[in-house]
Amino acid sequence: MKRIGFLTSGGDCQALNAAMRGVVKTLEHAEEPVEMYGFMDGYKGLIYGDFRMLTDRDFSGILTRGGTILGTSRVPFKTIQEPDENGLNKVEAMTQNYHKLKLDCLVVLGGNGSHKTANLLRKEGLNIVTLPKTIDNDLWGTDMTFGFQSAVDIATEAIDCIHTTASSHSRVFIVEVMGHKVGWLTLNAGMAGGADIILIPEIPYDIKNIVEKIEERDKEGKAFTIIAVAEGAISKEDAKLSKKEYQKKLEKYPFPSVSYEIASMIQEKTGREVRVTVPGHMQRGGSPCPYDRVFASRLGAEAGKLILDGEYGFMVGYKNREIIKVPLEEVAGKLKYIDPSARIIKEAKLLGISFGD
Amino acid sequence: MKRIGFLTSGGDCQALNAAMRGVVKTLEHAEEPVEMYGFMDGYKGLIYGDFRMLTDRDFSGILTRGGTILGTSRVPFKTIQEPDENGLNKVEAMTQNYHKLKLDCLVVLGGNGSHKTANLLRKEGLNIVTLPKTIDNDLWGTDMTFGFQSAVDIATEAIDCIHTTASSHSRVFIVEVMGHKVGWLTLNAGMAGGADIILIPEIPYDIKNIVEKIEERDKEGKAFTIIAVAEGAISKEDAKLSKKEYQKKLEKYPFPSVSYEIASMIQEKTGREVRVTVPGHMQRGGSPCPYDRVFASRLGAEAGKLILDGEYGFMVGYKNREIIKVPLEEVAGKLKYIDPSARIIKEAKLLGISFGD
Amino acid sequence: MKRIGFLTSGGDCQALNAAMRGVVKTLEHAEEPVEMYGFMDGYKGLIYGDFRMLTDRDFSGILTRGGTILGTSRVPFKTIQEPDENGLNKVEAMTQNYHKLKLDCLVVLGGNGSHKTANLLRKEGLNIVTLPKTIDNDLWGTDMTFGFQSAVDIATEAIDCIHTTASSHSRVFIVEVMGHKVGWLTLNAGMAGGADIILIPEIPYDIKNIVEKIEERDKEGKAFTIIAVAEGAISKEDAKLSKKEYQKKLEKYPFPSVSYEIASMIQEKTGREVRVTVPGHMQRGGSPCPYDRVFASRLGAEAGKLILDGEYGFMVGYKNREIIKVPLEEVAGKLKYIDPSARIIKEAKLLGISFGD
Amino acid sequence: MKRIGFLTSGGDCQALNAAMRGVVKTLEHAEEPVEMYGFMDGYKGLIYGDFRMLTDRDFSGILTRGGTILGTSRVPFKTIQEPDENGLNKVEAMTQNYHKLKLDCLVVLGGNGSHKTANLLRKEGLNIVTLPKTIDNDLWGTDMTFGFQSAVDIATEAIDCIHTTASSHSRVFIVEVMGHKVGWLTLNAGMAGGADIILIPEIPYDIKNIVEKIEERDKEGKAFTIIAVAEGAISKEDAKLSKKEYQKKLEKYPFPSVSYEIASMIQEKTGREVRVTVPGHMQRGGSPCPYDRVFASRLGAEAGKLILDGEYGFMVGYKNREIIKVPLEEVAGKLKYIDPSARIIKEAKLLGISFGD
């Protein structure tokens, strides 16, 4: 008998269910029977022993369903190391709950922060296999994360919708795209949606260059401009601040997000009407796109295979179109940024896109 | 020879192009040749004589295209009556441009405000035929406006996306839906998306009832709640204020829109995390849905027929599944609200939806 | 205690689950507790006593889900009246199973054929409430059926996709649309998709007129033509045949469906390449569109209300934008056809659409 | 002054326009002015001198538009080498027209067959740059072709729709997917749509195994089965035939396509109702998906760069997530098949998918 635990952690995304289904379908090939436990709401469920037994039926028909049947929550890595309000040592609690259920392996579907905790548990001697989940595609060690392409699709649809209204009204439109501290989502949605300007954290912008691009378009008779702004976009000036100083600036911020600051600057400098659209959490939701369903299913199958083979301590990743296993200690704590000199950035510039740099 | 002018006015919406194509296709049945003029950016084009000649080719392939090939702008009715910065009398200017081009008829695609101006021009002796365009469905004299169902589709998709993320995170989510001062869009998108609470201008809410509903759902084991909030939603207290007092309150408002105020109240009273999503102008964009394409094409055909028959001074409307013509003077200046005692409201309540009343 | 049975019968369509959810949500307002029984696979479940108890949980989250959680089957009306292979009297069996479970009411979601059986059961003294389900919109007594608009959306999307490939290749394309013996689905999808020719059962076509339209388009420089063909489309000649004669002709038919016959005639007469696309059962599937979700939910709520009020023997319908109740004996056995002289047909012709008549 | 010709050849697909726009936007960076010529309907336009001058305006707003603004046609490679009905030597004609216009380069967007002709023209001394276009993804020398992911999306949507109706009716459903002689499209759409059986040309099937899988599902209480069948699927027996013998068999075929043969065999052997859906040319149509828009734009930009740098004789391809240039002589005449022992096939089998082998 094998006993396998599952948890989904961090911001939810599309294809979490598809990935778990992939693991479970593969475990059906095990020689011995497999018992499955689902921890509710991410690491919280593991800490507080909130779990339920899962059967094949739980995974039937979920390939196309968004969200996660296990629920999720964000438990920042630093709070993992602090005791909870009752003085409970969380790492100890997780280790104990793992052993109490006599688990052979814990499958963690998570992003960046979740991998730090996963690696910690590995060091505590737990058998861990992880799957790279995030709409941000910022996970180190894998070319691609599931959820990403689905989020690109939704953000692109937002830009597509805005396109018709922008061209009818001769306005400047900002679409704020998620992506945390990296620009993958914004870059891809911006290119797919035909944005004229794309602002990403990896390439700090100068407002002058943005204004210039808008005016240049004006002269060419293109009365509207669409700007895809990453939620983590930053100006050249702000990029020079220390992390602390920037944090302080944001605290006094009169704007709900950076897009509104950029909008206000453009309005001031050009006199043009600027509208901001924030699709926000929509980008995490809905049915996974076909790409993500195939991708997450494949990763899930390979994770299942690792468990069948008793190989633990790995994240299943994707490199050069091959599915690979990456040691957890290599993944934890690193972010995958866009290289500003990457070929895709050069191509985007050839296509006439300005990055405000 | 007939000479027909076209203009699209006010906020853009889906199926504007489909409706114009309907008129033009019908005018091809005219015995005499028809010359067509498009005024750019709404009434502005008529005021300042900014127009271009249109041919059948301009209308080819635009059935499915969002936006408007003529551009649009909002020129509030009261500014119509004021002279412009050079002292130009705008009504006179429009009348003169109409006569200069020897137009037989002007086709106006517009919403509420645009109909007031259209009626004014009718009184000046111009031949006017109008088409009811707005995502708000608030136009008096017609059961339905084109753009509405397409906007319902987009707002519903937003709620659908939020649904998966809301249920994964056990959060309260607010989706702010457009609709100006009426609740049609929010009511329909809310019902279609399975919102638990729907707040519309016609039914002022009490925050206590909202909190109660959230807590009731909690007790039933449903850890998340989705609230569809019309951009014009109003509390019972605020509804008692005079228009002026309410305006004053809004001016001092620390929130970008009512949704954020409601979110802050819920957060305060329940301690729950509340997230706000504002699809915003997305709701005006994208390709018209099949319903709107058929509907706008039919209205356009009937408008074309009125022109062929020399019947002017009407809006083409829709009543009891029949296409009708409504005298412009009846339409101008009235809004079509939801009746709080309407059957659809009772049905929504039977379905378990709270209106916070 | 009230005891209510449910069954879904005939070809499946979108929003069946939404409609049942509407009934169930409304029954929660009953003063006494309600017990619910679901008969599996349509009338078969009622005949053979195949049912399961349903709880509120069965109806949670199904608003947006296509298909039917109860399964369905087609049991043609005439086979209802025949004994089954074991000599079982089916009407008796259904009546007995109804009484065995001490049902207060049976809710039937069905189309044309299903309403005949429903009316038969009513005559046997059973309390019946029905809901008008069909993608064909051919049900007498209601302006609209749920499933219809969702099917229009899918068929339109098919035509949209074909549009780009047709225009790239200068081909004639036929898209075969469902709809049984009526043309509602084809007419609406054809108008929404910008079809050049629409062939529906209510307006028999002459192949000469089709060829003429294709050649006319050729002369105008439009090298492609899109034809929306209803699965029940019929030529003028065939329309003169008796039902028996036409049946005989179809039996010897070398074509999978009428579209292929029409394609072969066009190819022969014009030498043009003709391609046929048959989206087929796709038109019944997928998530219901927002229109259908609202509509089915409303009908469901009103059906629930009839049950709460003890009013039986009715179909809940929709007339002039009002939800109404229609006596079952009026509905059963009638079809709702398109009137060839209806305004929408005239409008379609004004838009330049040929019906081949 | 540079003079560049464009043509799109073979079956159309999504993102052809996006790719051309990518080239053109990049050519705007040329130091000397660039004149652009579009040959109409593929190689036909080049053979018969049917072209038009193109300006930037032709490429504005086409990023999201399906089809090709230049039209396309299939001119099989062997007919290229034959004289036309007037005795015209086609290769000579193409070469002459190229020189008559003093072209510096011809950009060919095409699939397999088109690359053979492109290579032939290269051997004749023409400067050629090509872009890998096909929904089949069967082009040698590149991991991915544009059009492919968009077609996967449409085929998956078809399976999704069928899923709800299949599960409601307990039927066996076959969805026939395009892909010519390779299985990429069917494999990906089948995995994304959750097909139970996937039949591709690279893995010949045994009908016994298909029947077995259906019966196995039956025993597990899953009353429906969905089969994704590639249009080029082949049985083990037929795979043993010579190409000629198989061709002969197909000529006498009573079925419109292989799916119908498979359906008939399943029906015969299981007594189950089997329905076939053929989305057909829909798979080539509609707006390109975001993935394809980005991908085609990037390839287009790199092709533009090759032209700016005067590097000719290459196809722009994609290998290990890097954009590369592949000598035309290496590409021409080769097909890229799925390796039956590839990891993705093993993963699909772990997921419980049968290939009928």
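A few comments on the model shown:
Should a chain be cited, it is by its letter among A, B, C and D, assigned in written order, with residues numbered from 1 in that chain.
In this section, a contact is a pair of C-beta atoms (placed from the backbone, for glycine too) under 8 Å apart; a residue touches a chain by one contact, two chains touch by 3 or more.
Computed from a predicted structure; not experimentally measured.
Path length between chain B and chain D in the chain contact graph, taken as the least number of steps between touching chains: 2. The chains touching chain C as well as chain D do not exist; no chain touches both. Its C-alpha atoms superposed on chain C, chain B is turned by 180 degrees; the angle is given in steps of 5. The centroid of the Cα atoms in chain A and the matching centroid in chain D are 31 Å apart. The geometric centre of chain A is 42 Å away from that of chain C, both derived from CA atoms.
Centre-to-centre spacing of chain A and chain B amounts to 35 Å, using the average Cα coordinate of each chain. Residue positions of chain D touching 2 or more other chains, listed in rising order: 160, 163. Listed by chain label, the pairs that touch are A-B, A-D, B-C, C-D.
Contact residues on chain A toward chain B in their complex (touch as defined above): 8, 12, 14, 16, 41, 65-68, 71-73, 154, 157-158, 160-165, 167-170, 173, 256, 275-286.
Of all residues in chain A, only 22, 25-26, 28-29, 63-64, 143, 149, 152-153, 156, 160, 163, 188-189, 191-194, 289-291, 293-294, 297-298, 300-302, 304-305, 320-323, 343-344, 347-348, 350-352 touch chain D in the complex they form.
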